[in-house]
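Chain lettering (A, B, C and D) follows the sequence in which the chains are written, and residue indices restart at 1 in each chain.
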Amino acid sequence: MTKELNVGIVGYKFMGRAHSNAWLKAPLFFDLPAKPVLKTACGRQEKSLKEFAEKWGWENIETDWKKLVSSPDIDIVDIALPQNLHYEIALAAAKEGKHIFCEKPLSMNRKQAEEMLRVCEDHKVKHYLNHNYRRTPSVAFAKKMIDDGKVGRIFHWRCAYQQDWIVDPDFPLTWQLRKETAQAGPQWDLNSHAVDLAHYLVGDISTVSCLTTNFIKERPLADETTSGNLSAATLGDQRGEVTVEDAALMMVQFKNGAIGSFEATRFATGRKNGLRFEIYGSKGSILFDMERMNELQYYSLADEEGTQGFRLIQTTETVHPYAGHWWPAGHIIGYEHAFVHAVADFVSAINNDTIIEPNFYDGLKIIEVLEAGIESAGLKKQVVL
Amino acid sequence: MTKELNVGIVGYKFMGRAHSNAWLKAPLFFDLPAKPVLKTACGRQEKSLKEFAEKWGWENIETDWKKLVSSPDIDIVDIALPQNLHYEIALAAAKEGKHIFCEKPLSMNRKQAEEMLRVCEDHKVKHYLNHNYRRTPSVAFAKKMIDDGKVGRIFHWRCAYQQDWIVDPDFPLTWQLRKETAQAGPQWDLNSHAVDLAHYLVGDISTVSCLTTNFIKERPLADETTSGNLSAATLGDQRGEVTVEDAALMMVQFKNGAIGSFEATRFATGRKNGLRFEIYGSKGSILFDMERMNELQYYSLADEEGTQGFRLIQTTETVHPYAGHWWPAGHIIGYEHAFVHAVADFVSAINNDTIIEPNFYDGLKIIEVLEAGIESAGLKKQVVL
Amino acid sequence: MTKELNVGIVGYKFMGRAHSNAWLKAPLFFDLPAKPVLKTACGRQEKSLKEFAEKWGWENIETDWKKLVSSPDIDIVDIALPQNLHYEIALAAAKEGKHIFCEKPLSMNRKQAEEMLRVCEDHKVKHYLNHNYRRTPSVAFAKKMIDDGKVGRIFHWRCAYQQDWIVDPDFPLTWQLRKETAQAGPQWDLNSHAVDLAHYLVGDISTVSCLTTNFIKERPLADETTSGNLSAATLGDQRGEVTVEDAALMMVQFKNGAIGSFEATRFATGRKNGLRFEIYGSKGSILFDMERMNELQYYSLADEEGTQGFRLIQTTETVHPYAGHWWPAGHIIGYEHAFVHAVADFVSAINNDTIIEPNFYDGLKIIEVLEAGIESAGLKKQVVL
Amino acid sequence: MTKELNVGIVGYKFMGRAHSNAWLKAPLFFDLPAKPVLKTACGRQEKSLKEFAEKWGWENIETDWKKLVSSPDIDIVDIALPQNLHYEIALAAAKEGKHIFCEKPLSMNRKQAEEMLRVCEDHKVKHYLNHNYRRTPSVAFAKKMIDDGKVGRIFHWRCAYQQDWIVDPDFPLTWQLRKETAQAGPQWDLNSHAVDLAHYLVGDISTVSCLTTNFIKERPLADETTSGNLSAATLGDQRGEVTVEDAALMMVQFKNGAIGSFEATRFATGRKNGLRFEIYGSKGSILFDMERMNELQYYSLADEEGTQGFRLIQTTETVHPYAGHWWPAGHIIGYEHAFVHAVADFVSAINNDTIIEPNFYDGLKIIEVLEAGIESAGLKKQVVL
């Protein structure tokens, strides 16, 4: 592995850590055709940035992302920031010929997404959108089972992505709860993941009906300087309006005749990061729960009568995607590992000049569905894509 | 227990057996104020009817339901038939002053339901609608917990009622699959239960959006004379059109501000009688799965930090509704027991002249939601109740 | 079904109810070759006995069991009493030529058991020992799977039967806690069931090592007149010695080379009637939990690589033993149903003059293992059977 | 973090990778008082060693462990080798004043363990024994709950550690299956972990009864040069004798009056790394399953009547030990993370000159129990410690 790929990362909070860890670990557990080098970390608060860079081994720091993306010693720009900052950085990076590893959701709206995709394609850079759940061994294996015909014709997609971090009405008005920074609430944050999985496993969506609601209309203002993983301090007594939805439900039709449902919420008391889906088909069914991500449930009509039942598959064996790179069967992996898989595949895609998915094209399709949902919720009727 | 209540049952198949069992067992496990007497069984096929009556101890048989409902020695008419036969019999029974124990769903449409309710009220007969799941110890205890404030303000209702008995495209076109006999598919059969539970546990529904679909458009004609529990033989090669939906999804708003989703299907491969619901509130959450009906899951924000988690409560203790009438804690009960609880409560309601729920008023409200759903699916937009 | 079999029952508490229910229900759900008639109920407290008989429909009552067993109008004697009362009644009944339906555990010791078996055989009466768990659909299906070779050579039996009803040190000294009435604690009460299942599913045991202990040495005396299902009032402040063990562990070797473990306790806080076993073999494995008795888990090495996993089989389909007599798939049954299955099989065995199992021969073998366990615990070494 | 601690590792296979990962990651996720430097990797096959060192960033390689342990630039010797190689290396390292991070099980026998402990103490080096499961957030939190009195007096410890990697009779005779390299089978490999957890959570053991067996007596010889994670190629047709047990059961008494059971096996078809334990006490109970290591079940008698049940706690919140260093609640960690926690605590213990547990003293106590088990199995009687 003599080749190197220099990475410049923008953002150093939750996702900055998760991405840094992935860049470091990928070459340790995968045989990569090129070695990612943690070249430059970029952020606005120099002191915190410096601590971050030292801890993770980023060689340089940079407080102006425009300098980062135009730097000749950068091959890959890793956008580990909220969605309101993706558009401008991605466009600039693509124009500089940098490959892009971008956090989800892709953008604030369809228009941005279209342009981001077009510019990347025009400048022939690789673009990867980090819907990381695709790269858990369980989900990747579910995809293989579906492709192998084990589920047959799919009838149903049923998905919930449930969290509970804002049930407390005094939880502050962080950037995730304001339209100007987040565009939408769980419809963007959570349903973007869910729609990606639905596209990947079931197929394209043709119609959307959506219902959104707000349970808490106003919240204390947040002291964003203190914000961390889904938390922040409040700024005195002042309150501001929550301008994104608290929960979003969708019912959809797929082009292949299946129907599906989505539920995304930050008000499901007891659910921390509860992404679960169910797929029912003419030959079998598949269930997944991200909080037990090393497991997959599978029901097969091909099993002998009387012995049919949902099998609890531990996707930790060498036959399962990615799993053989880690530990022996039964030794589970965690949330962060899917990021490592993404980095490994991204580096290979750059080296081999192949397409990696999900990418900005997939992201655009997701945004189209999410926007149709918001539109449907406003119109109180079904929207055709 | 010297008082007696003479029961006349119409129908002797799946529900005929389940009801007969309940009439027999209720006085054995509950101290009833009056003893139900299995007086007369009514059906059209005399031979099968006779066998049924002998087996279960019904004293008489009768092939004309009109004679049954007008017979002076009958106090209670038990309608254990498909929904297309409820209306006429219930009206006649009420006019004769008989108390009515009626299978669900209440009727074919709102108009019938309204009249059924009105006539029962006019004739001051007790009317009970057998949404039996309310009377599992788990559901009844969930209701108590909600009433006691343990869940707080409810944010979410999430419910699926999934079966798989018609996944095979050669499953015949039984009465459940034709509009003239069933009115609708799972929207009527399964979502009626689900909406009843939502009304009971969450509250009234204000808006409905619905999506229905058919996966299999035509099926072999059924030989109805052979029909049993969700099965039948086919009648040669001829096929007929499936005139009810195969699956129905709903998104709803409740008057109290909660939102909810429903999924009802006969195409969820691997799910036999899979009724599950989830309720999330500001103080706690509750989960239920009918296939594990002796269990209830409960998450409480009042639990000490770090030890919060979904508790798997076995609702088999004497403190749980109905459970103390059966066996010691940890000895589970089954599907049929909720019917026994219904009979016990119904007999008490008659004796004490109190209202039992769910009744035809509740049934009417359910039908309103189900009809709004069918209307919404056709219009592809939200319907306001 | 013109033939009748007159039943006389001795005992009218927990088991009296469970047995009465079974005699009543068996002909309703099974096509029996003879109809059990609830002829005579026998007990010592006339008032309670009379109420019991009236409620359940026993035609006569009798306070002297000797009269019951010698009565010419009795075909079957049902012994629904604690183990200290089985020996005398069973001997007398057998000598009168009555068939015997006997609660478990069989007797106080091996000597009684041997004689009970011998006398029954000498008088050619049917003898059934009510280890009811064998007749849950799940356990009966597990047996079939093992017989069909699905598990292969068995390596491991792992079983725990855990309850928690005497964790409170002020729970009174009921008959179950005194050697003169119970012979032993969970070793007799719970491990008798567990050993029966091991014999049934794995095979004969050749060596036993056992460890017993007492956590609470003295308890308040019990007011036995108030005793019910695992409960009783206390008699003032006086305390007496607990003369049976509180918990019993066993490690065993089977004749076929498998090894096994048993754990029986009344001190497993949170476990109400938690009987669970695991069987691991060269081709597959089987898991069972009585508190989810409608389920069976099965792992098969014959499943395709990558898709192997424990299948959660709902044993509610017509292909599963007994299940087809009840409700459609997915509609669960409860604790009491295995008693009904036992009655159905017992009536058939009498009618067809065939052997029913488990019987007193099986009971004797169980007692031999349990006694070897108590002996081993005393000697602190392995005992060879 | 200016201080550095130079690490020399011996062994570069499964544990070599797991340890290297831990040395690398600990400073990224924990604020360590000193930075571990991956100084020298040691092994016998130079080519493989070199690849390993390059991949993981070990600065130097060394094929003679004696040189490694005497090298002045090494502060910590990490023994990532099978148990037959611990003794000699640990003694030499301690005599050179190196701190020792040692894989489990500690040694081949009690005599070795005693000397290892003594020499480490004499030379005042830190000694850590890597029973890593203690440092999962769930187990560490269970310990806290017990110490806080939430379980009360402990009655029962019930533990199984089940794997299935040698069910195939043609699996080769790897070093784990020969007494000269492994000393014992699952009694050493698996029960050492289980006994460590029992000591940690319940207390000291006073008596042991043990049963061991072999299901497969001979196996094909292994080509050890190909051995990896629990696998190897065979060497032609030749077979050799399996000289360690295939399964080991133990029943124990604890000094505090609790009793316990252990089951360790490599023949539990379907169990990959199935370590589960149950603890039942007078106030509550705790259940753990390593394959769902981010979860802990807890039953509390302090919960309100009717709502008691086993709570499924996700130990991913900041209140749970170690968990706050990783990701937001609900984002799970994996097997390797406990190694990182061990490194973090070990580095702190060196820096602060405090004792870290488990150490060689704990390891000696474990070996005493394991040896007593082997002795008991031979004598077929209880052994008092």
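Note that in this section a residue touches a chain if its C-beta (ideal position, glycine included) is under 8 Å from a C-beta of that chain, and two chains touch if they have at least 3 such contacts.
For clarity, every value in this text was computed on a predicted model and none was experimentally measured.
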Selected interface, B-C versus A-C, where C-beta contact pairs are more numerous: B-C
Of all other chains, the one whose Cα centre sits farthest from chain A: C
Averaged-CA centre spacing for the pair chain B and chain A, given as whole angstrom: 41
Interchain centroid distance [CA atoms averaged], chain A/chain C, Å: 54
Gap in Å, rounded to a whole number, between the CA centres of chain C and chain B: 35
Overlap residues in chain A, where contacts from two or more other chains coincide: 271, 308-310, 314, 317
Contact footprint of chain D on chain C as seen in their complex: 153, 155-156, 158, 160, 162, 164, 167, 207, 209, 211, 213, 215, 247, 249, 251, 253, 257, 259, 261, 263, 265, 267-271, 278, 280-285, 299, 301, 308-310, 379-382
Parts of chain B lying in touch with chain C, wherever the complex brings them together: 14, 18, 20-21, 24-25, 27-28, 55-56, 163, 165, 229-230, 271-274, 291-294, 314, 316-317, 326-337
Complex contact set, residues of chain B against chain D: 141, 145, 150, 296-298, 300, 303, 305-314, 317, 319-320
